[in-house]
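Sharing a structure, written as structure tokens. Questions coming.
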């Protein structure tokens, strides 16, 4: 299980290859990319602030939760902080499992939880100035669907 | 949209980077890996046979179907044929979309359909000899769940 | 007409493809399978359990009721196992 | 006790962290927020709409009813927007 918060870029191919093993027939990855538009305006850049210490702990908690819900051979989460330009990679999740359904579900779970629980905040620089990104209700809804009653 | 059938290996990182664009905030990939065990026996190697011509057409049909069901910025499917050893990559699906849900769903759809409609056949060499892999009912069930009534 | 065989059907029949002169009595994919099975030997073995056999007509999946005509390409194979 | 602020709370308050001598009257995260808001200025602005503020106690998400004591680390921030 790998969890990293870093300024520098990451290589999806390298992170996927790290989880490639004979007992993991299925490897799913998610790469998040900074989009070039926001609220109908061109995005100049995006700055990611986080809560050092808590971020890593929270990502580890989320990854452990995924491992307790699905039978996984490996989990990696890498999240960048600092200033990013449109088109740059921002987040990576990789899951490895014996079968594809577990790998897909766990990757989607990790992204949904990361978006609602990991202490990152995005500030956008657009033509109209700087704006803090508002949390989306759809992300809370996405995370809530994993809750067991 | 890229569809390839090839003997040689592929690089997941390269294929993911090909779909990385400012209007695709979410890129999901699936990598299938040859497992080291089958039916409780050690796997020596696996040979993939296919139906040249129909394979490419069928993969294109499946990719087009995914694009008609989800709003996707890009789709890539690469499938290897020939002799493969445990731990080797066998199949890759990459989907790019503005939002993560579409990218995840389309990637899972592509794998489910690829497993039930693309004309590939696996022959395993195990300690006990050569065995053609039997199709699994669970794959048909996985594909069926995408059917609209 | 061209007929193709894949995977264990190809192994049992001993060849991957052949040209076939279509008899008038054979109007569907299923009738073609039955007519080939009647040759006996590897053909009979390959088509012994027709529930385990799938077909494609001109490179599209079809069921055994699909009509065939001279010039078509018909392929017989087991359920696919790629991915 | 150590208090941390992130994102626009940090900007409004004008600092990212500070040491606070916890008054006896403050027993919960919510009471701490109210006590800080009473300082006025940027603090009042930051905590004006408390529904937009989240908290962590010793680096774990908590709601405003969570009890606090001297030596705790409390962080205030907007709903998270990573990923």
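Letters A, B, C and D mark the chains in the order given here, with residues in each chain numbered from 1 onward.
Note that a contact is a pair of C-beta atoms (placed from the backbone, for glycine too) under 8 Å apart; a residue touches a chain by one contact, two chains touch by 3 or more.
These figures come from a predicted structure and were not determined experimentally.
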| If a chain touches subunit C and subunit D alike, it appears here | none
| Target subunit C, source subunit B, minimum contact steps | 1
| message | Centre to centre, using CA atoms, which chain is the farthest one from subunit C? | response | D
| query | Per the centroid of Cα atoms for each chain, what is the distance between subunit A and subunit C, given in Å? | reply | 49
| Cα-centroid distance, subunit A relative to subunit D, in whole angstrom | 26
| field | Numbers and ranges of subunit B residues touching at least 2 other chains | value | 32, 111
| Numbers and ranges of subunit D residues touching at least 2 other chains | none
| query | Chain pairs in touch? | reply | A-B, A-D, B-C
| message | Touching residues of subunit B toward subunit C in the complex: what are they? | response | 32, 48-51, 53-54, 57-58, 79, 90-91, 111, 114-123, 132-135, 139
| Footprint of subunit B on subunit A - complex, ascending | 11-14, 16-17, 20-37, 86-87, 89, 98, 100-101, 103-104, 107-108, 111, 142
| task | Would you tell me which residues of subunit D are touching subunit A in their complex? | result | 4, 6-8, 56, 59-61, 75, 77-83
